[in-house]
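Got a structure for you, written out below as structure tokens; questions coming shortly.
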């Protein structure tokens, strides 16, 4: 396995970093918080203009035809700035699901809307905090003429208020199995409710459907859909989340290093105190460790290697911990101002806590890895 | 006081709390603690007067200054029973616990007569003006200037104090300022008492990460302290300031721990209710929290012990670090017990309490001396390791 | 609860520290390693001459009539120097068991031997690593005329080779219940085998009994002995072990501080590096935390407070971790020489590892505490 | 080389190892690694010659120097397959991996011709003379002196080196010594090649905490290095010494990781057998070890990547810290899996292996640059934080 970054990949990463440093500034992020965590102008620029959402979409659907590895490189950068856009939900959560379970006719149409039309998309995950987020599905779909009637409640859908497209998995009422429905927000606007999330840059809202009528064409799956059908595409969401966390950990460390270099106490830059230096070095080590596994897991996913699943579990654990630690240390090393609204460390702390237990807690992920070790499982 | 008498005393406090922290004061139950410090200010000021009426303000002050001269054991018992009953955060704490003892030790007769009674009666509330933007960890690096008004002999103060807790609810502030031009560090400082309600003072709230604003920046622009409001001599400000801080340790600690115990109970209860307690890692952390709290209790008792055990004295240097990290970890544990339910605001006031606890406890390891400063102090004063050199600037 | 140390207690502690600093030097400890971890001269001095073994023995049996608190103060000092004597086994493990379960006639006789005659004593614990070391008892006692025949195997008995008296709990063959037998080492000399322990200062040996005949008077219990009878006395052993660990943690930190102050690198004393200072400060905090709970637990035990049991569990956890951490840091902060036989840090590491899981692992102790929290258990 | 060819190459190595690491060499399986470095020295020297016969020594050296000029991918494949097969610790490593590449880069023609062939053929073994009692973390603080013998032009060396791995099994040592009177730090040093079997050199074993002695103190008392055994110019010693260290990184890492994987397998197997794997905390730690090892693998691959990713370069500064702490934790995990059974020696060779691993891994975070030095380097070179000041003395 070669983990070299190509010239193209390095260029893409640098450009993304440069672009976001300019556009997803602290001021912009803070402004978006008042706007339910969404920056429409930034979104337009990176989706419609720069075409980032097509990163892993096949070229025949208007995408760039690249893979998980390149997706990860972009998500690190959005994570670094806590960019208030539905990028992760669109490229990591929704796109792989369309790609993986949609019937041919729907797939190309939907993917090309994502790749080219700046469509923001999300998925109503039945249980976002569970190791298997599809383990119990509450939405139901009842045949209704040519269409369907959907009912059910999802307590927290990522980026729902900004989404142009929402995928809803539902139990079919007429026969065993599941259906996947693509819903336009207009149809459900009245029944969505934004939540007061601790991490405003990754907004969530609840979604209640009560016999909402949708067309037959809304159902996009190819038939024979099972909960297990989601196992493969959800790996992309897990990986992407880890990428954003690792990017955020690096962004948070940069923030801290900048502050430390400027702040004088006892007549010295705080950055000159050895204990502070060692703690920053430890953050770099943790982040680097997480990033290495992230890249390896992404390459495994692209190579369809069967180590990918547990590597993604591992990367999730390291990423969540690296971000938590970076945020906790940022607040501590900023001293008094680290506990004020005005400084940015708390934005990273919020992201760290809000994402720590997505797709399963650290303990659950590690337990699943332990179960998979042949020596242990026997 | 015998063990039996102490038990009776505890019962007396518990009874009083039960009868009085009810009716119109019922909303104060468990309110106004760190992170919620600005809650219900008018009612809490009334509560201070209620306490005064019951004879429960300043119970440790000597009787000649209006206190009850309670022994340490009794003061501890009072603090514990107050907290156990869910007594609200004390707006009078700075006056009663810090300034009062300082004036009793260092104040003039006139100062004692002027300032002690309204503290005891819950009529005047105090806040503390120590920290500055560049005098945080480096506390002696004070830039706020006091110059003498040649006409009146009053002191005119210009500068900025930060992290002033509850300044917006207070009447007076005590301020450490530089009164000798060109002096540096702990030399040439003065300790002044100043009314907040005057033209030269502006109070700006500091918004904290959890959204609350119980701290403030206080700006002084030729603000006036009257000539008779100097404690100690001009130039002795550092000595007075440090003596004041030394009154803070000890007794209130056990009351604080009782509050911690209530928080741990709440977290454990929620863990049982929502199933998190079935997770062995959460159980492990709950048990560790219990162990840590128990160790803190005995550390406090060692600190309060009469006989000087040099080992206890040395180890007590670690107490700030110990409780603040314990509490910060508890805040995180609360969130982890809530799990995904903690990611957004909830209708359950208990969950809201844990979210606030999480945010506020981030500051415990910073305010009142950062952990880094604590570790320096332990290493240098406790273990005799070489001092950290100062830089050239500053 | 008053945790003041009286003048007498402070004096006793200081004297013990002074005495051991003189007698249990690094050289003496190392010399004892060749002698199976036993220093007979030191033992004679502290038992027969100084009377330390009588610390918690009633005055009518020739002891000092003090309590667990004073026992703890002495054990901290023996732990600090890793004194190679069977002090813990005698005062913490064996004496409380005699005190608690022996019939009156045996009790006074045995206790006065321990208090006054310099008798070293130990107990053949059925399962020293279990949370309840008496949960399964393998030894059996078969009536044999006026006496008994004992059989069974114990893989590891502390200080067995130095003991003048060994208590063996055994299942009675003739009726339900247990007996406790006091055995002289002469009777079993042929069947003891010293083990190559990682901690030579706390030696262990296996004990095999095959129809060993002992007199009727060897049975010392008052009848009606159950496994549960040992729960109370074993608390003393647990507490004493924690005391030795905490003393050892302090001793190990002192060793490290002395080295750091002397060693020059980059033209500076290593002790002047802030990261090193902070780590030493953290060791002091941990040790102080453990010691506070140790003292509280000892006071609770003396006061017969029902918090004593879980406080001892807690103190065991903190003590084991404080010692482990002190030893690990000692090796690290000593640099290269910390990994040599010649320097002492490894002696503390050995004690840390050898005692880490006695009387249950850290996880088991914490789980038991969690079970006891009423909010959790409910 | 295509992926397919690489797979064939791997199979070739694996086959060779299977056929050759058997019979008289069977006792070498998994032996001679760190902590067991002095094991079976004669047989291991034979094994080096067996490797040479198979063409597996120095496979990465250019062909003009007798190597096979393998690509990085092939060298990695060789290392991995060698380790996967349980290949013993390489006595020839210092010569093959460190001194050889240094001579190829900096040596004279004569030096290459004299020294490279016996390294390649497993006939001469080398050890490294860098560290001194006062030049540990502060590596440049070298006190060993080299003075020129005016008659012969040879260099006479006096001083002490420590932590010299396997000196007692080696034939030659390379030494960094101070050749300019009065010079300090990295200036005025010389890099010399010296035969160990001479009157002026004494080798004393250093007993380690686990009982083994694979390190030594080497004492020099007017020991002689012949005039043509200087690498580079006198005064350039530091440059050569640092260049030599730079050859150590990288390729052998993946072989080392394969060894780690075997250790983790062993621990996991024992945990299953003795029931420790039922403990959720032990399971958690086993899983973390797997995760950490996987992350190390990908870190190594990022380090070996052709294209320069500055982020990878920065993060690779942490690799020494990462693997050494991982390995130290693994050593502790092994003991905790053994539990009370690990407290005394055992008849089970697997348990003995874990005990040795425990003791030896204590040193991983010290040798080859302490963790503290690693953190300084990361902070200063990687993160651009201010340098740690040197003291006055020294």
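Letters are used for the chains, namely A, B, C and D, taken in the order the chains are written, and counting of residues starts over at 1 for each.
Keep in mind that, in the parts below, contacts are C-beta pairs under 8 Å (C-beta built on N, C-alpha and C of every residue); 3 or more make two chains touch, one makes a residue touch a chain.
The structure presented is a predicted model; accordingly, all values stated were derived computationally and were not measured.
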Pair joined by more contacting C-beta pairs (A-D or C-D): A-D
Maximum centroid distance from subunit A, chain identifier (CA atoms): C
Between subunit B and subunit C, centroid-to-centroid distance (C-alpha), Å: 42
Subunit B and subunit D, separation of their C-alpha mean positions in angstrom: 55
Residues of subunit B engaged with two or more neighbouring chains: 280-281, 284, 372, 375, 388
Residue numbers of subunit A (touch at least two other chains): 269, 272-278, 363
Residues on subunit D engaged by subunit A in the complex (per definition of touch): 265, 268-269, 271-272, 277, 280, 283-284, 286-288, 290-292, 294-299, 301-302, 305-307, 309, 311-312, 314-318, 321-322, 372, 374-376, 378-380, 382-386, 388
Parts of subunit C lying in touch with subunit B, wherever the complex brings them together: 1-7, 10, 257, 260-261, 269, 271-272, 274, 276-278, 280-282, 284-285, 287-293, 295-296, 307, 310-311, 313-314, 317-318, 363, 366-367, 369-370, 373, 375-378
Residues of subunit C touching subunit A in the complex: 273-278
Complex interface listing, subunit B residues touching subunit A: 131, 134, 136-138, 141, 162-163, 206-209, 211, 279-281, 335-336, 339-340, 342-345, 355, 358-359, 362-363, 365-367, 370-372, 375, 388, 390-394
Complex contact set, residues of subunit D against subunit B: 280-281, 284, 389
